[in-house]
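Naming follows writing order (A, B, C, D, E, F, G and H), and every chain is counted from residue 1.
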Amino acid sequence: MVTVEIPADMELVYKRPQSLTETHTHYCPGCTHGIIHRLIAEVIDELGIRERTIGIAPVGCSVLAYYYFNMDFAEAAHGRAPAMATGIKRVSPDRVVFTYQGDGDLAAIGTAEIIQAANRGELFTTIFVNNAIYGMTGGQMAPTTLPGQVTTSSPTGRDVETAGFPMKMAELLAVLPGAAYVTRQAVFDPRGIHRTRAAIKLAFQTQLAELGFSLVEVLSTCNTNWHMGVVEALEWAKKHMVAYYPLGDTKVSDGVRALMETR
Amino acid sequence: MAKELLEGNAAIAEAAIRAGLEAYFGYPITPQTEVLEHLARRLPEEGRVFLQAESEVASINMVYGAACAGARVMTSSSSPGISLMQEGLSYIACSEVPAVVINIMRGGPGLGNVAPSQGDYFQAVKMAGHGDFHPIVLAPGNIQEAIDLVVLAFDLAEKYRTIAMVVADGSLGQMMEPAELPPMRPVRPPAERPPWALTGARGRQPNIITSLYLEPEVLEEVNLRLQAKLQEIAANEVRWKEYSSEDADLLLVAFGTVGRVCQTAVREARRQGLKVGLLRPITLWPFPSARLAELAGQVRGMLVVEMNAGQMVEDVRLAVEGRCPVRFYGRLGGIIPLPDEILPELERLDKEC
Amino acid sequence: MQEEIIISGFGGQGALFSGQLLAFAAMDSGFHVTWIPSYGPEMRGGKARCTVVISDQEIGSPLVRRPSAAIVLNIPSMEAFEPAVKPGGVLVVNSSLVPQRSERTDIRVFHIPASDIATELGNIRLANVVCLGTLVQAIGVVPLEAVEQALDNHLPERHRKLLGANKAALRRGAALVGG
Amino acid sequence: MAKGMVLIDEDRCKGCGLCVTVCPQHILRLAEDRFNTKGYRPVEVVAPEACTGCALCATICPDVVFTVYRRKRPPQPAAVAA
Amino acid sequence: MAKELLEGNAAIAEAAIRAGLEAYFGYPITPQTEVLEHLARRLPEEGRVFLQAESEVASINMVYGAACAGARVMTSSSSPGISLMQEGLSYIACSEVPAVVINIMRGGPGLGNVAPSQGDYFQAVKMAGHGDFHPIVLAPGNIQEAIDLVVLAFDLAEKYRTIAMVVADGSLGQMMEPAELPPMRPVRPPAERPPWALTGARGRQPNIITSLYLEPEVLEEVNLRLQAKLQEIAANEVRWKEYSSEDADLLLVAFGTVGRVCQTAVREARRQGLKVGLLRPITLWPFPSARLAELAGQVRGMLVVEMNAGQMVEDVRLAVEGRCPVRFYGRLGGIIPLPDEILPELERLDKEC
Amino acid sequence: MVTVEIPADMELVYKRPQSLTETHTHYCPGCTHGIIHRLIAEVIDELGIRERTIGIAPVGCSVLAYYYFNMDFAEAAHGRAPAMATGIKRVSPDRVVFTYQGDGDLAAIGTAEIIQAANRGELFTTIFVNNAIYGMTGGQMAPTTLPGQVTTSSPTGRDVETAGFPMKMAELLAVLPGAAYVTRQAVFDPRGIHRTRAAIKLAFQTQLAELGFSLVEVLSTCNTNWHMGVVEALEWAKKHMVAYYPLGDTKVSDGVRALMETR
Amino acid sequence: MAKGMVLIDEDRCKGCGLCVTVCPQHILRLAEDRFNTKGYRPVEVVAPEACTGCALCATICPDVVFTVYRRKRPPQPAAVAA
Amino acid sequence: MQEEIIISGFGGQGALFSGQLLAFAAMDSGFHVTWIPSYGPEMRGGKARCTVVISDQEIGSPLVRRPSAAIVLNIPSMEAFEPAVKPGGVLVVNSSLVPQRSERTDIRVFHIPASDIATELGNIRLANVVCLGTLVQAIGVVPLEAVEQALDNHLPERHRKLLGANKAALRRGAALVGG
């Protein structure tokens, strides 16, 4: 073991959040799931709610999230995390509940569950990782796959004539009165990462203040199934994903606005 | 408490409340909607959780969530709705959280109709969705038993951390008969939720509830543990009722509504001089196989009567293993076989065995 | 002792409710009892009937094909149950709505103009209660008072004001049974 | 004297190179001569003395490899309230 | 056509195309995603319909729709996805439209893992969702058979207007072996769709496809018709393979991947002097019960080997009815039992029977 | 049989459409399902497409619609009519396909199916009957039940805190690019009925012109489960439903606009 | 002479009364003296001669009870094109 | 005749592909053959192995616990399969990555510096093909030419330019088997 002397006049500006376990993740090198995990953990640390937070992992590449977050966790059936979260939150209203879901999970098989939970204004938070593909099953088309994007199930590129246009979930969910805070962010560079962190924090605060349902859509990459280099994937995403999926808040309820202003 | 004239569905719902039900998630479907409606009224009165879900898929996953949080929770539905719950049931089975599910079966397949049926016997006893699992399946024959079995379902579900399913049909759900509700149990306070529950990792290691085990060796171990639990349940929880079986040389086997119809058939057959007995399984899983095997040595033949094309009869045959003839009589499509149809079958059995 | 009663009419005639009254009365009189409805397949309206079994022992089948007594409130019910009543049984026919007469001699038949009597009592919807009075009196298993008691206890709030009329209907029906 | 300092939890590193692209001081690179226990070429600091402790590396690293320190600012004379 | 080295999932997909598949609706899930991916590439090439559905619930209902329209249609999934299809399957069963469903089973219950398993035997053979129905269930033991059975599945589904399900596990799906694809059948032109299909009521009375029958008497008739059809299938379509059974005095019974593993076990056992035979059911429903009953008179004992906790063994016991001992050996969680585990079990059977 | 002489100078202005069978419906007296059936049938007659139209009945009070429409029909599983329609239309692109769905069917259990079909721009038409209740099962709360409305599953009135606000499906679906024509109409008076008819016609024309998915939400009554008189129900609906659910088009694609202009 | 005329398919009528409320001529009412085969009090025309053939009754009737006729307009002299 | 070959390494070492080459060669040589992969439970990377069974009769189990021959490309594979090879069998070890040596005397062991040879041939990823050459030569069931033929037919388009190098690797591996 190497012990490193930290000079006395150095102060800690970044350390592993307590809300993450020590376990190494199984994610591919450069996968943005890791960044998003970290941001959530940082926010939970900052809000001091780790010991009363219950997370729900989806089926998708982040299916093992429960090994990485240092808190109570459940693993949902594919797409059903919002229903499970509803069940948990309704019987444990003083706990903080969040779901972590991919785009196949949330925007395909789980469409009904997320829309209805949002509409009911369920008091949990959803972190929605949009990487425009089904990562875990090896790169099939997701509801969010961009027009023309090649995947294993759209081998000649997504054909909007037969598969429809990519779904803008943040815009769709914003229509529902039960949704108090809905935003879209991206973790393609440090600035975006900082903003995403702030958004995640606001989402959890929305929950803590019982203002309604909150969701942060995070544009992400999947270099492996996009068949790109890590940096190339970020560049591609910045160029193409952000063009289709505009960043920013799609829904800020009055309550949330008040919250924003008091910060 | 004195007996009241209770309607089956309402009795089931109220029994669940008395048993300490903390939360109900469900979706309307005939012929069980009265369960949901009773709870829609009563649970908020009691300050507990009632939520009409957007679907049965959502219901069962809400149940899954609430169960993970350590709450006493239940859903109810009828055949098509239960089919939609199969994936969720399989997750619950593997995750070993307790859940109570009511299936007031209706005529099938497909949309079928809302008349009484026992067409989901196989679906209930052979599996919880995909994979190897048997929920505990309880089949009340009358309203008092429905009440008692609902209470028992919660206790068994929690004791074994498993799914306890109560199956009945619309005729039980809609009939009225005098019965006594149990006293109101206090609701378990959130602070006393079980140690494995997801309650927030305060001063302890995080709890994880999952059904994912990537390594086959590990999943095999999980399955062996599940199987051991099932064996324990099979050893301890078999329940059935016998009527006039001591001296019987012909045996009726029937469950639920048909079971009680067969009680009448026994009386009438005895009046005609046939020494008929009845075994009414109360737990469909675990099944009273050992007792049936024993009776197979005593009787000349068995007649299984069901409101389906012959499902439980397979379990009877498995128990009997050829030691006596096992005949079947069934009605389909939502028709309840009546004693006057069963008697000729008994006479035939008497002649042929 | 076991009585198996079918009460049959179309939706809205109160067949189900009068069966429940009978069931309450039987329960209060210390009997085992079951009440089971059966609706037609039509979503709305259509046939409505119920079976009440009253017994001094545990009841097996709550359904019977051949009742020991029946009330028929309309023509289709008459066609279905007139032939079905067990020999020695009782049949009560609302003759206001059912023109045909039973020819059976092996059962006791009461053709009573129940709807007319009910109209007379101020509400045509009491016809079922009139018939129930006749039936209860005829089979004699449950005292009429027990049915009155059931009315006291279970008549829905919104029909409370008709309590007296209900009791009168019951008694009028009962009175039609000759000593 | 360096303004900042990073600790590297080398075995967590997957050699994705994201930190390398964002370090404003260009002092990070992937090791060319070795693998970590995961089999990746881990990140290393080329010129520790140039580190500003800006933590951009930690911000982008998906695998929480970095711990970052920054030199405390010498106590400044308190600003006079306007 | 000459044999090619084919991967199981791709072979299944291509066989469907050759069999005249007009439309595929499916949702990705390991270990069958290659079926979907192959079809995603090939169907548009052939000018036919490929659609990735939003879920398995949607997939099966799209299949239901396309089948109602009279098209040759198929979906594929793996265990949890098949659980989600249970309601739709029940509708299809009652509506009597032909549909082919592939289940490449994985370890369960719940999310389990993606390793090979036979945990869904009961779910496949005992029902299609709720109500009384058995799909035809075909279990290939190798890739050539997978190809042939996919083609057969379409033919049987159409002949009987029923569900034909092909069940295999991920090891068959991912292995390669030489096999021959059938020639390409011409796709049936829309104008030649069956007379019962929904094609627009041009010059004829409207066609109605439903599974709703409000009157119990009518639904009973529908069910009796379904049961008669099932009996016809049971009488005509039982398929199995036997290996060294002529002189066997011990019999292995196993299906799919385990069936072929047992072929090796038979060889090795014979090398050790045990007269072991093997019966490998190819149709799991209808089950080769009659033949097993026959063999029960010949052999001293049977050993059923499965990748589950013991499911098909029940059907074997039902067939044998106690006429010879039936033992079970199973591995769980995605582990394939190998010949060297099966041999000691055979030796034990030899000693004890 | 009574034969009626029609004076020679009388011309027929209204007769039973050919696209309806002679079968009497099972609907309650005054139920607006009957009106909507008739309008669909009239439009199909007018467009001359009866012999190539395939309808899909839902699970709900209109489950028996196949007895009333004189054309090929299927009965879908609860909520899955859009998936079934997708299956039919994809293999029969030259046929006209429509689904008829209630609010429980479409806006609760069938949320995912309708949203995804709309998003893919499936070329079928949906007639969405919003009567703010589950009619068939005896009057439970629907996703569209109004705030405070008493139903058997919201016995003290819909509580938006726990059940969320009623879902405005026409607005939600309008967000999706695949939806070409989405409108909300009401059949509470002859004017509304005429407008609804025109909307249904435009929806079918949208399909015929292959412009995308089309949906007509029709505000309706359920006097039986609302426990109101027939006329009272219409009045209540006009006052309360229309206030919450604004009438009019929520989505008219460019193609549809062109279509409207050429009419 | 009546401008319009309605035929009533009486046995379809469920007596809901909707047509009664919309008829601008107020000439429809529910029979008070009889039931149809369904058991409802069917609609009847009180003053057939007042019917304008406007078809509003048919427009609102959920049960397609009405067939409506209207007197042809006498051939009008063709308007001169402007 | 039946040969059961396991080829094992970690993801990316080409274990699966060289097994397929062998399978193609065996098929073209008229044998029954099965190829079956097994991945580790890890989603990405991790172990990758396949089993190839070559037989002159119908093949039962496509999986074996004790292969008649094995190629081990990394240390965990060595640990797993060195003890497993059947007596009389063949073990090919990529000694560039696996330092330990097999002590077994009941099998034929080839410790070959496959990665070094591959690097020498211009691409370290050819190590698996070097090992395959050794194995094919050692077991002698399939002619080396059949494997070359398989390379000709099945080398993926994007690796086409490495065809020559692949063949060279194969031959280099084969040459290591002493007469």
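Heads up, the rule we're going with is that contacts are C-beta pairs under 8 Å (C-beta built on N, C-alpha and C of every residue); 3 or more make two chains touch, one makes a residue touch a chain.
This is a predicted model, so every value here is computed, not measured.
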item: If a chain touches chain C and chain D alike, it appears here; value: none
item: Selected pair, greater C-beta contact count between F-G and A-E; value: F-G
item: Longest centre-to-centre distance from chain B, chain (CA-based); value: D
item: Centroid distance [mean C-alpha coordinates] between chain H and chain D, Å; value: 43
item: Interchain centroid distance [CA atoms averaged], chain A/chain B, Å; value: 40
item: Cα-centroid distance, chain A relative to chain D, in whole angstrom; value: 25
item: In chain B, residues with contacts to at least two other chains; value: 51, 54-55, 57, 80, 87, 91, 95, 110-111, 113, 210-212, 214-216
item: Residue list for chain A, restricted to those that touch at least two other chains; value: 27-28, 63, 75, 77, 108-109, 111-112, 116, 136, 143, 162-163
item: Sites on chain H at which at least two other chains make contact; value: 41-42
item: Chain F-touching residues of chain G, taken from the complex the two chains share; value: 4-5, 7, 9, 11-12, 14-18, 21-22, 38, 40, 53, 55-56, 58-64, 66-72
item: Complex interface listing, chain A residues touching chain D; value: 4, 6-7, 9-17, 20, 24-25, 27-35, 38, 189-190, 193-194, 230-231, 234
item: Residues of chain A that touch chain E when the two form their complex; value: 59, 63, 75, 77-79, 104, 108-109, 111, 134, 136-138, 140-141, 143, 152-156, 162-163
item: Footprint of chain F on chain E - complex, ascending; value: 22-23, 25, 49, 51, 53-55, 57-59, 61-71, 73, 87-88, 91, 95, 190, 198-203, 206-212
item: Touch list for chain F against partner chain E, complex; value: 21, 50-54, 56-57, 63-64, 66-67, 69-77, 80, 83-88, 90-92, 94-95, 112-113, 116
